Amino acid sequence: MNLLYFAWVRQKIGKSEEQLTPPAKDVASLIAHLKNLGPNYTEAFADLSRIRIAVNQCHAGLDASLGPDDEVAFFPPVTGG
Amino acid sequence: MNLLYFAWVRQKIGKSEEQLTPPAKDVASLIAHLKNLGPNYTEAFADLSRIRIAVNQCHAGLDASLGPDDEVAFFPPVTGG
Amino acid sequence: MQTRIRIQREDFDLNAEVSALAGNGEAGAVASFTGYVRKEGDLSTLTLEHYPHMTEAEIMRLATEAGTRWPLTGVTVIHRIGSLKPGDRIVLVAVASQHRQAAFQACEFLMDYLKTHAPFWKQETRGDKQHWVEHRHGDDDAVKRWEK
Amino acid sequence: MQTRIRIQREDFDLNAEVSALAGNGEAGAVASFTGYVRKEGDLSTLTLEHYPHMTEAEIMRLATEAGTRWPLTGVTVIHRIGSLKPGDRIVLVAVASQHRQAAFQACEFLMDYLKTHAPFWKQETRGDKQHWVEHRHGDDDAVKRWEK
(Lines give C-alpha, C1' and ligand atoms only; values in the text may rest on other atoms or scores of the structure.)
Protein backbone atom coordinates (compact mmCIF):
# COMPACT_ATOMS: atom_id res chain seq x y z
CA MET A 1 0.00 0.00 0.00
CA ASN A 2 1.35 3.42 -0.95
CA LEU A 3 0.79 6.09 1.69
CA LEU A 4 1.08 9.84 1.05
CA TYR A 5 1.05 12.72 3.55
CA PHE A 6 0.55 16.41 2.79
CA ALA A 7 0.90 19.79 4.52
CA TRP A 8 1.07 19.57 8.35
CA VAL A 9 0.25 15.83 8.30
CA ARG A 10 3.47 15.37 6.31
CA GLN A 11 5.38 17.60 8.76
CA LYS A 12 4.08 15.82 11.88
CA ILE A 13 4.79 12.34 10.50
CA GLY A 14 8.15 13.48 9.13
CA LYS A 15 7.86 11.98 5.65
CA SER A 16 5.84 12.57 2.51
CA GLU A 17 5.47 8.99 1.32
CA GLU A 18 5.98 5.40 2.43
CA GLN A 19 5.23 1.83 1.34
CA LEU A 20 3.53 -0.37 3.94
CA THR A 21 1.68 -3.68 3.97
CA PRO A 22 -0.57 -3.09 6.98
CA PRO A 23 -3.18 -5.61 8.14
CA ALA A 24 -5.99 -3.19 7.29
CA LYS A 25 -9.08 -3.69 5.19
CA ASP A 26 -10.40 -0.14 5.51
CA VAL A 27 -9.17 3.37 6.24
CA ALA A 28 -10.24 3.31 9.90
CA SER A 29 -8.18 0.16 10.64
CA LEU A 30 -5.24 1.60 8.65
CA ILE A 31 -5.27 4.69 10.87
CA ALA A 32 -5.48 2.49 14.00
CA HIS A 33 -2.43 0.59 12.74
CA LEU A 34 -0.48 3.78 11.93
CA LYS A 35 -1.16 5.29 15.37
CA ASN A 36 0.82 2.39 16.89
CA LEU A 37 3.90 3.09 14.77
CA GLY A 38 5.16 5.96 16.91
CA PRO A 39 4.33 9.26 18.64
CA ASN A 40 4.64 11.20 15.37
CA TYR A 41 1.77 9.15 13.89
CA THR A 42 -0.20 9.32 17.14
CA GLU A 43 0.03 13.10 17.09
CA ALA A 44 -0.78 13.43 13.38
CA PHE A 45 -3.94 11.35 13.77
CA ALA A 46 -4.93 12.62 17.25
CA ASP A 47 -7.97 14.56 15.95
CA LEU A 48 -9.57 12.83 12.97
CA SER A 49 -11.97 15.74 12.43
CA ARG A 50 -8.94 17.61 11.09
CA ILE A 51 -7.89 14.83 8.68
CA ARG A 52 -9.12 14.30 5.12
CA ILE A 53 -8.54 11.11 3.15
CA ALA A 54 -8.15 10.18 -0.51
CA VAL A 55 -8.04 6.62 -1.85
CA ASN A 56 -6.63 6.27 -5.33
CA GLN A 57 -6.88 10.06 -5.75
CA CYS A 58 -10.57 10.30 -4.90
CA HIS A 59 -11.92 11.78 -1.67
CA ALA A 60 -12.92 8.96 0.69
CA GLY A 61 -14.26 8.34 4.19
CA LEU A 62 -13.06 6.30 7.18
CA ASP A 63 -15.14 3.37 5.99
CA ALA A 64 -13.53 3.15 2.52
CA SER A 65 -12.21 -0.39 1.92
CA LEU A 66 -8.57 -0.90 1.00
CA GLY A 67 -6.56 -3.40 -1.03
CA PRO A 68 -2.79 -4.04 -1.16
CA ASP A 69 -2.21 -1.91 -4.30
CA ASP A 70 -4.15 1.14 -3.18
CA GLU A 71 -2.74 4.66 -2.85
CA VAL A 72 -3.98 6.29 0.35
CA ALA A 73 -3.37 9.97 1.13
CA PHE A 74 -3.88 11.85 4.42
CA PHE A 75 -4.04 15.64 4.54
CA PRO A 76 -5.73 18.62 6.26
CA PRO A 77 -8.89 20.22 4.85
CA VAL A 78 -7.84 21.93 1.62
CA THR A 79 -7.03 25.65 1.35
CA GLY A 80 -6.47 26.36 -2.33
CA GLY A 81 -8.11 28.84 -4.68
CA MET B 1 -35.75 71.95 -26.02
CA ASN B 2 -32.98 69.75 -27.38
CA LEU B 3 -34.22 66.53 -29.00
CA LEU B 4 -32.01 63.52 -29.76
CA TYR B 5 -32.84 60.39 -31.79
CA PHE B 6 -30.88 57.12 -31.84
CA ALA B 7 -30.72 53.89 -33.87
CA TRP B 8 -33.81 53.25 -36.04
CA VAL B 9 -35.69 56.20 -34.48
CA ARG B 10 -32.92 58.42 -35.87
CA GLN B 11 -33.14 56.69 -39.26
CA LYS B 12 -36.93 56.97 -39.52
CA ILE B 13 -36.97 60.64 -38.52
CA GLY B 14 -33.96 61.36 -40.72
CA LYS B 15 -31.93 63.39 -38.25
CA SER B 16 -30.02 62.77 -35.04
CA GLU B 17 -30.72 66.02 -33.22
CA GLU B 18 -32.89 69.14 -33.40
CA GLN B 19 -33.84 72.20 -31.36
CA LEU B 20 -37.57 72.83 -30.92
CA THR B 21 -39.76 74.95 -28.66
CA PRO B 22 -42.88 72.78 -28.67
CA PRO B 23 -46.00 73.64 -26.62
CA ALA B 24 -45.51 70.52 -24.47
CA LYS B 25 -45.33 70.16 -20.71
CA ASP B 26 -44.68 66.41 -20.65
CA VAL B 27 -43.26 63.67 -22.86
CA ALA B 28 -46.68 62.42 -24.01
CA SER B 29 -47.69 65.86 -25.31
CA LEU B 30 -44.25 66.32 -26.91
CA ILE B 31 -44.76 63.07 -28.86
CA ALA B 32 -48.28 64.16 -29.89
CA HIS B 33 -46.76 67.40 -31.19
CA LEU B 34 -43.95 65.61 -33.07
CA LYS B 35 -46.35 63.18 -34.77
CA ASN B 36 -47.95 66.20 -36.52
CA LEU B 37 -44.65 67.39 -37.98
CA GLY B 38 -44.62 64.87 -40.84
CA PRO B 39 -44.98 61.23 -41.90
CA ASN B 40 -41.41 60.43 -40.81
CA TYR B 41 -42.30 61.38 -37.22
CA THR B 42 -45.68 59.64 -37.46
CA GLU B 43 -43.97 56.43 -38.50
CA ALA B 44 -41.20 56.69 -35.90
CA PHE B 45 -43.74 57.10 -33.08
CA ALA B 46 -46.41 54.74 -34.50
CA ASP B 47 -45.85 52.09 -31.79
CA LEU B 48 -44.87 53.63 -28.46
CA SER B 49 -44.26 50.20 -26.95
CA ARG B 50 -41.09 50.15 -29.07
CA ILE B 51 -39.89 53.59 -27.94
CA ARG B 52 -37.78 54.39 -24.88
CA ILE B 53 -37.27 57.88 -23.50
CA ALA B 54 -34.57 59.72 -21.58
CA VAL B 55 -34.94 63.20 -20.11
CA ASN B 56 -31.67 64.91 -19.24
CA GLN B 57 -29.87 61.59 -19.69
CA CYS B 58 -32.03 59.64 -17.25
CA HIS B 59 -34.56 57.01 -18.30
CA ALA B 60 -38.07 58.53 -18.12
CA GLY B 61 -41.71 57.68 -18.84
CA LEU B 62 -44.45 59.28 -20.97
CA ASP B 63 -45.61 61.26 -17.95
CA ALA B 64 -42.23 62.93 -17.29
CA SER B 65 -42.66 66.72 -17.17
CA LEU B 66 -40.57 68.92 -19.46
CA GLY B 67 -39.14 72.43 -19.38
CA PRO B 68 -37.68 74.59 -22.17
CA ASP B 69 -34.03 73.70 -21.42
CA ASP B 70 -34.49 69.95 -21.20
CA GLU B 71 -32.68 67.38 -23.33
CA VAL B 72 -35.11 64.68 -24.49
CA ALA B 73 -33.93 61.52 -26.27
CA PHE B 74 -36.00 58.88 -28.11
CA PHE B 75 -34.59 55.46 -28.93
CA PRO B 76 -35.44 51.74 -29.21
CA PRO B 77 -34.97 49.34 -26.29
CA VAL B 78 -31.22 49.04 -25.75
CA THR B 79 -29.10 46.18 -27.12
CA GLY B 80 -25.59 46.65 -25.72
CA GLY B 81 -23.40 44.35 -23.72
CA MET C 1 -14.51 52.16 -4.45
CA GLN C 2 -12.63 52.97 -7.63
CA THR C 3 -14.86 53.13 -10.70
CA ARG C 4 -13.43 53.18 -14.23
CA ILE C 5 -15.82 53.57 -17.17
CA ARG C 6 -14.58 53.76 -20.74
CA ILE C 7 -16.52 53.83 -24.02
CA GLN C 8 -13.99 53.32 -26.79
CA ARG C 9 -13.40 52.02 -30.31
CA GLU C 10 -10.16 50.20 -29.38
CA ASP C 11 -9.81 46.74 -27.89
CA PHE C 12 -8.75 46.41 -24.23
CA ASP C 13 -6.09 44.53 -22.25
CA LEU C 14 -7.55 42.11 -19.70
CA ASN C 15 -4.26 41.65 -17.86
CA ALA C 16 -3.90 45.39 -17.30
CA GLU C 17 -7.54 45.97 -16.34
CA VAL C 18 -7.80 43.06 -13.90
CA SER C 19 -4.39 43.80 -12.33
CA ALA C 20 -5.36 47.44 -11.83
CA LEU C 21 -8.50 46.30 -10.01
CA ALA C 22 -6.61 43.86 -7.77
CA GLY C 23 -4.44 46.81 -6.73
CA ASN C 24 -1.32 44.93 -5.74
CA GLY C 25 -3.20 42.65 -3.34
CA GLU C 26 -5.69 45.10 -1.85
CA ALA C 27 -8.48 42.90 -3.23
CA GLY C 28 -8.22 39.12 -3.28
CA ALA C 29 -11.00 38.44 -5.76
CA VAL C 30 -11.76 39.78 -9.23
CA ALA C 31 -14.81 38.47 -11.09
CA SER C 32 -15.08 39.51 -14.70
CA PHE C 33 -17.23 39.09 -17.75
CA THR C 34 -15.94 39.42 -21.30
CA GLY C 35 -18.48 39.58 -24.12
CA TYR C 36 -17.60 38.71 -27.71
CA VAL C 37 -19.28 39.24 -31.08
CA ARG C 38 -20.64 35.78 -31.75
CA LYS C 39 -19.91 34.09 -35.05
CA GLU C 40 -23.33 33.58 -36.66
CA GLY C 41 -24.01 32.49 -40.25
CA ASP C 42 -23.34 35.36 -42.66
CA LEU C 43 -22.89 38.05 -39.98
CA SER C 44 -19.98 40.18 -41.20
CA THR C 45 -20.08 43.33 -39.05
CA LEU C 46 -21.70 44.49 -35.84
CA THR C 47 -21.89 48.28 -35.54
CA LEU C 48 -22.46 49.79 -32.11
CA GLU C 49 -24.02 53.20 -31.57
CA HIS C 50 -24.50 54.84 -28.18
CA TYR C 51 -25.78 57.99 -26.46
CA PRO C 52 -22.62 59.85 -25.40
CA HIS C 53 -22.63 61.20 -21.82
CA MET C 54 -25.82 59.35 -20.88
CA THR C 55 -23.97 56.03 -21.34
CA GLU C 56 -21.25 56.99 -18.89
CA ALA C 57 -23.76 58.54 -16.47
CA GLU C 58 -26.01 55.48 -16.54
CA ILE C 59 -23.13 53.03 -16.02
CA MET C 60 -21.87 55.20 -13.16
CA ARG C 61 -25.31 55.02 -11.54
CA LEU C 62 -25.30 51.22 -11.90
CA ALA C 63 -21.77 50.92 -10.46
CA THR C 64 -22.72 53.14 -7.53
CA GLU C 65 -25.79 51.01 -6.85
CA ALA C 66 -23.61 47.86 -6.95
CA GLY C 67 -21.24 49.52 -4.47
CA THR C 68 -24.10 50.08 -2.01
CA ARG C 69 -25.26 46.45 -2.30
CA TRP C 70 -21.89 44.67 -1.99
CA PRO C 71 -18.53 45.49 -0.34
CA LEU C 72 -16.53 46.27 -3.49
CA THR C 73 -13.09 47.82 -3.87
CA GLY C 74 -13.33 48.54 -7.58
CA VAL C 75 -15.46 48.34 -10.72
CA THR C 76 -14.27 48.59 -14.32
CA VAL C 77 -16.65 48.75 -17.28
CA ILE C 78 -15.33 49.04 -20.83
CA HIS C 79 -17.73 48.99 -23.77
CA ARG C 80 -16.61 49.20 -27.36
CA ILE C 81 -18.46 51.15 -30.07
CA GLY C 82 -18.07 51.38 -33.84
CA SER C 83 -17.58 48.49 -36.26
CA LEU C 84 -16.75 45.07 -34.80
CA LYS C 85 -16.22 41.67 -36.42
CA PRO C 86 -17.22 38.18 -35.21
CA GLY C 87 -14.71 37.13 -32.56
CA ASP C 88 -14.02 40.71 -31.44
CA ARG C 89 -14.48 41.63 -27.79
CA ILE C 90 -17.39 44.00 -27.10
CA VAL C 91 -17.56 44.46 -23.36
CA LEU C 92 -15.66 43.96 -20.12
CA VAL C 93 -17.23 44.19 -16.68
CA ALA C 94 -14.77 43.46 -13.87
CA VAL C 95 -15.41 43.75 -10.14
CA ALA C 96 -12.93 43.52 -7.28
CA SER C 97 -13.74 42.67 -3.68
CA GLN C 98 -12.25 40.98 -0.65
CA HIS C 99 -15.10 38.48 -1.01
CA ARG C 100 -15.50 36.19 -3.98
CA GLN C 101 -19.29 35.96 -3.78
CA ALA C 102 -19.67 39.75 -3.66
CA ALA C 103 -17.46 40.07 -6.74
CA PHE C 104 -19.46 37.45 -8.66
CA GLN C 105 -22.85 38.85 -7.74
CA ALA C 106 -21.95 42.47 -8.46
CA CYS C 107 -20.45 41.47 -11.83
CA GLU C 108 -23.62 39.63 -12.82
CA PHE C 109 -25.80 42.49 -11.54
CA LEU C 110 -23.83 45.00 -13.62
CA MET C 111 -24.03 42.87 -16.78
CA ASP C 112 -27.79 42.40 -16.36
CA TYR C 113 -28.41 46.13 -15.93
CA LEU C 114 -25.94 47.08 -18.66
CA LYS C 115 -27.96 44.92 -21.08
CA THR C 116 -31.24 46.60 -20.15
CA HIS C 117 -30.30 50.16 -19.14
CA ALA C 118 -27.11 51.37 -20.87
CA PRO C 119 -27.98 53.21 -24.12
CA PHE C 120 -26.19 51.12 -26.75
CA TRP C 121 -27.70 49.80 -29.98
CA LYS C 122 -26.35 47.09 -32.25
CA GLN C 123 -26.80 46.99 -36.01
CA GLU C 124 -25.90 43.80 -37.87
CA THR C 125 -24.58 43.61 -41.41
CA ARG C 126 -25.34 40.31 -43.18
CA GLY C 127 -24.40 40.24 -46.86
CA ASP C 128 -25.48 43.67 -48.17
CA LYS C 129 -28.32 44.01 -45.63
CA GLN C 130 -28.30 45.86 -42.34
CA HIS C 131 -30.76 45.52 -39.52
CA TRP C 132 -31.06 46.63 -35.91
CA VAL C 133 -30.77 43.90 -33.30
CA GLU C 134 -33.97 43.42 -31.28
CA HIS C 135 -33.90 43.77 -27.50
CA ARG C 136 -34.02 40.37 -25.79
CA HIS C 137 -36.90 39.96 -23.35
CA GLY C 138 -34.84 37.40 -21.45
CA ASP C 139 -32.62 40.30 -20.41
CA ASP C 140 -35.60 42.03 -18.78
CA ASP C 141 -36.33 38.86 -16.81
CA ALA C 142 -32.67 38.66 -15.72
CA VAL C 143 -32.92 42.12 -14.19
CA LYS C 144 -36.07 41.36 -12.21
CA ARG C 145 -34.29 39.08 -9.76
CA TRP C 146 -32.22 42.04 -8.49
CA GLU C 147 -35.27 44.20 -7.71
CA LYS C 148 -35.69 44.77 -4.02
CA MET D 1 -16.56 21.17 -24.19
CA GLN D 2 -12.84 22.00 -24.15
CA THR D 3 -11.25 21.64 -20.72
CA ARG D 4 -7.80 23.02 -19.95
CA ILE D 5 -6.29 22.38 -16.51
CA ARG D 6 -2.82 23.57 -15.59
CA ILE D 7 -0.98 23.46 -12.26
CA GLN D 8 2.10 25.62 -12.64
CA ARG D 9 4.64 27.84 -10.91
CA GLU D 10 4.51 30.56 -13.57
CA ASP D 11 2.02 33.41 -13.86
CA PHE D 12 -0.61 33.26 -16.64
CA ASP D 13 -1.86 35.56 -19.41
CA LEU D 14 -5.53 36.48 -19.05
CA ASN D 15 -5.81 37.83 -22.61
CA ALA D 16 -4.54 34.57 -24.09
CA GLU D 17 -6.62 32.31 -21.83
CA VAL D 18 -9.90 34.18 -22.26
CA SER D 19 -9.41 34.58 -26.03
CA ALA D 20 -8.70 30.87 -26.40
CA LEU D 21 -11.98 30.13 -24.60
CA ALA D 22 -13.99 32.53 -26.77
CA GLY D 23 -12.66 30.62 -29.76
CA ASN D 24 -12.93 33.34 -32.37
CA GLY D 25 -16.60 33.98 -31.62
CA GLU D 26 -17.83 30.42 -31.04
CA ALA D 27 -18.84 31.51 -27.52
CA GLY D 28 -20.27 34.95 -26.82
CA ALA D 29 -19.74 34.98 -23.05
CA VAL D 30 -16.71 34.31 -20.86
CA ALA D 31 -17.06 34.63 -17.08
CA SER D 32 -13.85 34.43 -15.14
CA PHE D 33 -12.47 34.62 -11.64
CA THR D 34 -8.94 35.71 -10.82
CA GLY D 35 -7.70 35.18 -7.28
CA TYR D 36 -4.79 37.15 -5.80
CA VAL D 37 -2.58 36.77 -2.75
CA ARG D 38 -4.08 39.39 -0.47
CA LYS D 39 -1.83 41.96 1.15
CA GLU D 40 -2.17 41.36 4.91
CA GLY D 41 -0.06 42.87 7.68
CA ASP D 42 3.35 41.21 7.78
CA LEU D 43 2.53 38.40 5.32
CA SER D 44 5.63 38.05 3.15
CA THR D 45 5.19 34.73 1.31
CA LEU D 46 2.41 32.28 0.58
CA THR D 47 3.67 28.81 -0.33
CA LEU D 48 1.31 26.44 -2.11
CA GLU D 49 1.63 22.68 -1.94
CA HIS D 50 -0.61 20.23 -3.81
CA TYR D 51 -1.22 16.53 -4.47
CA PRO D 52 0.05 15.95 -8.02
CA HIS D 53 -2.26 13.94 -10.29
CA MET D 54 -5.14 14.00 -7.82
CA THR D 55 -5.38 17.78 -8.26
CA GLU D 56 -5.79 17.51 -12.02
CA ALA D 57 -8.15 14.52 -11.69
CA GLU D 58 -10.34 16.28 -9.12
CA ILE D 59 -10.55 19.51 -11.14
CA MET D 60 -11.40 17.46 -14.24
CA ARG D 61 -14.24 15.80 -12.31
CA LEU D 62 -15.54 19.23 -11.22
CA ALA D 63 -15.32 20.63 -14.78
CA THR D 64 -17.14 17.59 -16.15
CA GLU D 65 -19.89 18.01 -13.55
CA ALA D 66 -20.20 21.71 -14.50
CA GLY D 67 -20.49 20.67 -18.15
CA THR D 68 -23.44 18.41 -17.35
CA ARG D 69 -25.23 21.16 -15.40
CA TRP D 70 -24.78 24.06 -17.84
CA PRO D 71 -24.33 24.36 -21.64
CA LEU D 72 -20.64 25.27 -21.71
CA THR D 73 -18.22 25.45 -24.63
CA GLY D 74 -15.04 25.57 -22.56
CA VAL D 75 -13.51 25.59 -19.09
CA THR D 76 -10.00 26.72 -18.14
CA VAL D 77 -8.58 26.28 -14.64
CA ILE D 78 -5.05 27.42 -13.83
CA HIS D 79 -3.73 27.15 -10.29
CA ARG D 80 -0.29 28.28 -9.26
CA ILE D 81 1.92 26.44 -6.76
CA GLY D 82 5.22 27.28 -5.05
CA SER D 83 6.16 30.60 -3.44
CA LEU D 84 3.92 33.59 -4.11
CA LYS D 85 4.02 37.18 -2.85
CA PRO D 86 1.16 39.55 -1.88
CA GLY D 87 -0.37 40.88 -5.10
CA ASP D 88 0.55 37.77 -7.12
CA ARG D 89 -2.19 35.91 -8.97
CA ILE D 90 -2.98 32.45 -7.56
CA VAL D 91 -5.87 31.09 -9.58
CA LEU D 92 -7.87 31.57 -12.76
CA VAL D 93 -11.20 29.89 -13.44
CA ALA D 94 -12.72 30.90 -16.77
CA VAL D 95 -15.86 29.50 -18.37
CA ALA D 96 -17.22 30.08 -21.88
CA SER D 97 -20.81 29.63 -22.99
CA GLN D 98 -23.30 31.02 -25.45
CA HIS D 99 -25.26 32.10 -22.38
CA ARG D 100 -24.03 34.64 -19.89
CA GLN D 101 -25.88 33.21 -16.90
CA ALA D 102 -24.56 29.70 -17.55
CA ALA D 103 -21.00 31.06 -17.71
CA PHE D 104 -21.41 32.99 -14.44
CA GLN D 105 -23.00 30.11 -12.56
CA ALA D 106 -20.53 27.49 -13.74
CA CYS D 107 -17.61 29.79 -12.86
CA GLU D 108 -18.93 30.31 -9.34
CA PHE D 109 -19.69 26.58 -8.97
CA LEU D 110 -16.12 25.71 -10.00
CA MET D 111 -14.57 28.23 -7.60
CA ASP D 112 -16.71 26.96 -4.71
CA TYR D 113 -15.74 23.34 -5.33
CA LEU D 114 -12.11 24.18 -6.04
CA LYS D 115 -11.94 25.80 -2.58
CA THR D 116 -13.37 22.73 -0.85
CA HIS D 117 -12.28 19.76 -3.00
CA ALA D 118 -9.05 20.45 -4.90
CA PRO D 119 -6.04 19.25 -2.86
CA PHE D 120 -4.03 22.45 -2.36
CA TRP D 121 -2.63 23.74 0.93
CA LYS D 122 -1.36 27.21 1.72
CA GLN D 123 1.41 27.99 4.17
CA GLU D 124 1.96 31.61 5.22
CA THR D 125 5.28 33.17 6.15
CA ARG D 126 5.02 36.14 8.52
CA GLY D 127 8.32 37.46 9.79
CA ASP D 128 10.35 34.31 10.57
CA LYS D 129 7.25 32.22 11.36
CA GLN D 130 5.39 29.85 9.10
CA HIS D 131 1.93 28.45 9.62
CA TRP D 132 -0.64 26.50 7.64
CA VAL D 133 -3.74 28.41 6.61
CA GLU D 134 -6.93 27.01 8.17
CA HIS D 135 -9.78 25.84 5.96
CA ARG D 136 -12.64 28.37 5.92
CA HIS D 137 -15.98 26.93 7.00
CA GLY D 138 -17.72 29.59 4.90
CA ASP D 139 -16.40 27.73 1.88
CA ASP D 140 -18.24 24.58 2.97
CA ASP D 141 -21.45 26.60 3.22
CA ALA D 142 -20.86 28.03 -0.27
CA VAL D 143 -20.73 24.54 -1.72
CA LYS D 144 -23.98 23.42 -0.09
CA ARG D 145 -26.15 25.58 -2.34
CA TRP D 146 -25.05 23.54 -5.38
CA GLU D 147 -26.06 20.20 -3.88
CA LYS D 148 -28.97 18.66 -5.71
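Letters are used for the chains, namely A, B, C and D, taken in the order the chains are written, and counting of residues starts over at 1 for each.
In this section, contacts are C-beta pairs under 8 Å (C-beta built on N, C-alpha and C of every residue); 3 or more make two chains touch, one makes a residue touch a chain.
Note that this is a predicted model, so its numbers are computed, not measured.
Looking at chain A and chain D, no chain is in contact with each of them.
Among the remaining chains, the Cα-based centre furthest from that of chain D is the centre of B. If you average the Cα atoms of chain A and of chain B, the two centres end up 72 Å apart. Computed centre separation for the pair chain B/chain C is 26 angstrom, with centres defined by C-alpha atoms. Centres computed as Cα averages put chain B at a distance of 48 Å from chain D.
Shown for chain A are the residues in touch with two or more other chains, of which there are none. Shared interface positions of chain D, i.e. residues touching 2 or more other chains, are given as 35, 111. Inter-chain contacts occur between A-D, B-C, C-D.
Taken in their complex, chain D has these residues touching chain C: 13-15, 18, 22, 24-39, 86-89, 98, 100-101, 103-104, 107-108, 111, 142.
Residues 4, 6-8, 54, 57-59, 73, 75-81 of chain B are the ones that touch chain C when the two sit in their complex. Taken in their complex, chain C has these residues touching chain B: 35, 48-51, 53-54, 57-58, 79, 90-91, 111, 114-123, 132-136.
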